[in-house]
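Chain nomenclature is as follows: A, B, C and D, assigned in order of appearance, with residue numbering initiated at 1 for each chain independently.
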Amino acid sequence: MVDLSVDLGRGLILANPVMPASGTFAEGLARVIDLNGIGALVTKTITEELRGGNLTPRVAEVSNGMLNSIGIPSKGITYFLEHTLPFYRQFTAPLIVSISAPTVDAFARAAARLNVPGIAGIEANISCPNIEEDGKAFAMRPGTTEQAVSAMREVTDLPLWAKLTPNTGDIAAVARAAEKAGADAVVVANTILAMSIDIETMRPTLGNVMGGLSGPAFKPIALRMTYQCARAVNIPVIGCGGIATANDAVEYLLAGAAAVQVGTATFTRPNAMNEVIAGLTEYCRRKGFNRVTDLQAALNAEMLIPDVMEAAQ
Amino acid sequence: MRQPENSAVTPPVDPFSALAADTSARVLRNEWVNAEYKLIVLDAPGLAASAEAGQFFNIECPVVGEDKPFFRRPMSTYAADAETGQVEFLYKVAGAGTRGLATLLDGQTVRILGPLGVGFTLPEHVRSIVIMGRGVGLATLAPLAEMAHRRGVAVTAVMSARGPEQVLSVDRFEATGAAVEIVLDSDGTSDLANVEAILRRLHAQGRADGFYTCGSNRLMLLMKRLAGELGIYGEVAMEQQMACGLGMCFCCVRNFDVDGETVSKRVCWDGPVFPLAEATSW
Amino acid sequence: MVDLSVDLGRGLILANPVMPASGTFAEGLARVIDLNGIGALVTKTITEELRGGNLTPRVAEVSNGMLNSIGIPSKGITYFLEHTLPFYRQFTAPLIVSISAPTVDAFARAAARLNVPGIAGIEANISCPNIEEDGKAFAMRPGTTEQAVSAMREVTDLPLWAKLTPNTGDIAAVARAAEKAGADAVVVANTILAMSIDIETMRPTLGNVMGGLSGPAFKPIALRMTYQCARAVNIPVIGCGGIATANDAVEYLLAGAAAVQVGTATFTRPNAMNEVIAGLTEYCRRKGFNRVTDLQAALNAEMLIPDVMEAAQ
Amino acid sequence: MRQPENSAVTPPVDPFSALAADTSARVLRNEWVNAEYKLIVLDAPGLAASAEAGQFFNIECPVVGEDKPFFRRPMSTYAADAETGQVEFLYKVAGAGTRGLATLLDGQTVRILGPLGVGFTLPEHVRSIVIMGRGVGLATLAPLAEMAHRRGVAVTAVMSARGPEQVLSVDRFEATGAAVEIVLDSDGTSDLANVEAILRRLHAQGRADGFYTCGSNRLMLLMKRLAGELGIYGEVAMEQQMACGLGMCFCCVRNFDVDGETVSKRVCWDGPVFPLAEATSW
């Protein structure tokens, strides 16, 4: 029997390390798969206020991946607590609520409102524009990351995860800032900004011109960032980006992730998370690991050389 | 407050029962019905075959050469029979996904996720409906004619097309006993004024206490205006690009007019069938 | 007849906007295709000093792309001038020499040595580690970019291009710094840092652990950066990243690129550049463009909204 | 100095003549020769069929299901006949690329880039050579035996394998008149001491003024040591992962010992055949 459980800190123990990525999961999946098999449930990002989201088209296909510029349409936290939360209370898997806000204070206000039964943790989507800093995302810089996370940490005892953006030059520094500010885990990473153009209409394929790349095409980048962050911090790193199979999840765990999120893959294979869980068990069994957490230290590091940002050139 | 302890290994309270399934369906037939459209007949027992009129499936299209569809493609149920376990789609071969779909041979399998979304409804008071569609919209409406027939609701089908070759599934409508009126671009009968005249005549004849449409923005707007003016109940089946088909990604939104307010709804989740009164131009 | 010629500034006019990306082209291609059909020739990056390159394995396959950690093996500039340059002198296509260096001064020294007949321009690969700044690549920050480019500008009148790295949080700012320092064009972009792990051996697939992602998987990211840079500067932007077909090249030109570089595609289809050139002509003809340069302004911008770094979330 | 002006539109001075081509070759046969190896015979006229012993091709392997090889795969020329325009490869079905290659059916096409690299040479003074290989290395060496035969050079082939089923292309060697000695793991004859004894005997008999090897690091090191000791000329065909196959990417480097100095060379460009004296362990 392989032990799949993982401890993500502050008393939050998941039955297995697999959960949905924010914005790629909602109530509808319960029509198709048993949500109780999943390690945790993570909501689409919500905001305090009502928000509309972006222009359509909001998604586009690219080579082995997708672009999205959904934005964060949100009915607000009050609506969420009254109408959405009760739905999730029927499941045993712990619920992580993803929140976002345009200012440090608004992040704290939003976090404070989630101290209610049925919410097991908060994922702060700090990959969103900070209107007090020219619209640059909080998670683009260590300083603004630290401010946002600290402000939330002051108002909540729930497990608090910081979701980082890949659109930064030094994600390890941002992860360290989140750790320093009291985050219990970092999620690595949100989508990377990208674009495509329809050469027949000569228009961008997204109404919003640019959008985030996700899916298999993004995996090697997010995996690298997961590896960099796992070496930079002592809190758990939750890997996310292009995971579609158990093999992909194993790569992330070997890179040092404590758990993984499956996003885009659920759109094309609604049962992807369950397949990842089953395949992880099988991999551990075949390779002789009794605990899935053993993978975190199993990377064969004998020839690892110092971590150079520009190994590539 | 938070409840991490009990959140771990407790088994599900109720046994899980799905409302939709990702069925690996076997191709029974996949044939051209005219120069642009193919009909695919699948062996897809279980939940899939319980699909109702207006519900749809999200279909995994095969990768073929340079055609590499990443998303699934949404398709209305053209027919679903819980007894035979067969599900059919009528589709226009357009881009990468449908070109891939068109290559499927008998005996191959294809994953179809469904039934999805909210289908057509026939409110109690509705006894005689007009179904008006164009192009592939007629594929979406054919099962509605059959549903109406089963409920004893009379149907008039107004079928619009470029020319006679593009009029799809007349036989399906006629088999339900529907009165069929065909309007064409090629002989000018499909122009809006003429169609409006037909709809007013049907209403005057007491044959229109429900309007149902799909496949043309122009026709939808006409029906919506007349429905408002004449106080007729109506529904429209909408299209929008989709990724998940399950209400999760929010890519398939359209604007609706709900009591004078503009509201964004997900076509895959709140629809694809919507009250005609709420529909706005697309 | 479609006019494919492009003016890249400082008198450098190419017969067509297609050239190889540095490090994906060398003498060997002349065995297979006629190099005179190509818009320009760009060498693998050379350095002043002898360098060995990285450990093997140096490449790995990923989903629709590749990782490389070749490094910059180089026989030095003297060897290049004596042995390699004469080979390229037989071709009519102008030769661009890519150089790299570990310090600002060394960049200037290298650039100064290239004022010789047969060299039509310099591409400065500033995506390499700056040993005076903790090993961070010059092109990761506007300041170090400006220093390196200015130093080269002082010593050469040749067309001088700065090749930017995608491993930065704000590439438009870096492009502006290069322009300010006197670069005649920017090349967008070098490879993005990535990683993959062989789950059977539990080792990184690259000897160097991390490496650069290139090929189709990278295209939407590099295209977005090209678009951002083209809006940020007035010098030509040369688009590079995942271009394998004429359609890909058209996307870059519509995004505002003046020319394009084809890299990884040449490894899998040695004739890729010629196919891109032929397809570009055909596209222009079909769409009614008399000059390929007309594409640069043809993006249907009626619904373009302001450029937000985090359009994605 | 720089010459942008004249650099633009001047037509090429000499008409271009290629030394290698990316040939779209048609599959004539693609058959299993034992449990692990397949032989593919291609119709590939033009430059491809002019490949010489030791030269290789970089082959575009088809995408099949989950197998999505991105790079091409290098394969030695197993046979190339400029007259018939046929080119053959003998390959071990191992990973994603070769599994894809194995699915090719007669009549399908496959792109092969070549001939590439530097093949075997037979210096003037060499009149009688020993060819020693193991596994798929024998595929690389078979054309050398034929080349030697054409030049009137006598050949002894020492063929090493796990068991009798893994000895490849004995017939090819025998057809050239080569003396064949088979050494096997299954009967212990392949152990290094025995092979060394065989080589020393051949040398003593005057049958070894050239050593040629491929496919085994162990055997290569043995031959290198003996060649050094006995003053025998030698060559080895090397393998290394490749991307471009044309000397452009520098991924396929190995270290060589050139006059006591460690030098990195590209297997695709400087090789794949190298002087045995320069080879180092891989």
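The criterion applied here is as follows: a residue touches a chain if its C-beta (ideal position, glycine included) is under 8 Å from a C-beta of that chain, and two chains touch if they have at least 3 such contacts.
Remember, predicted model here, so these are calculated numbers, not experimental data.
One simple way to say how far apart two chains are is to compare their mean CA positions; for chain B and chain C this gives 48 Å. Rounded to whole angstrom units, the spacing between the C-alpha centres of chain B and chain D is 59.
Inter-chain centre distance (chain A to chain C, centres taken as mean C-alpha positions): 32 Å. Rounded to a whole number, the gap between the C-alpha centres of chain A and chain B is 35 angstrom. Looking at chain C, one finds that residues 62-65, 68 touch two or more other chains. Taken as a graph of touching chains, this assembly forms an open line, each chain in contact only with its neighbours along the path. Every pair of chains that touch is listed here: A-B, A-C, C-D.
Listing the residues of chain D that touch chain C in their complex gives 1-13, 16, 18-22, 60, 68-72, 96, 111, 113, 240-241, 243-244, 246-251, 253-254, 264, 269. Against chain B, the residues of chain A that register as touching in their complex are 5, 10-15, 23-29, 31-34, 36, 40, 44, 52-53, 56-59, 61-66, 68, 70, 73, 90-94, 115-121, 157-159, 215, 266-271.
The residues of chain A lying in touch with chain C in their complex are 45, 54-55, 62-65, 67-69, 71-72, 100, 125, 127-129, 135-137, 140-141, 165, 167-170, 190-197, 199, 201-204, 206-213, 216-221, 223-224, 227, 242, 247, 250-251, 254-255, 283, 298-300, 303-305, 307-313.
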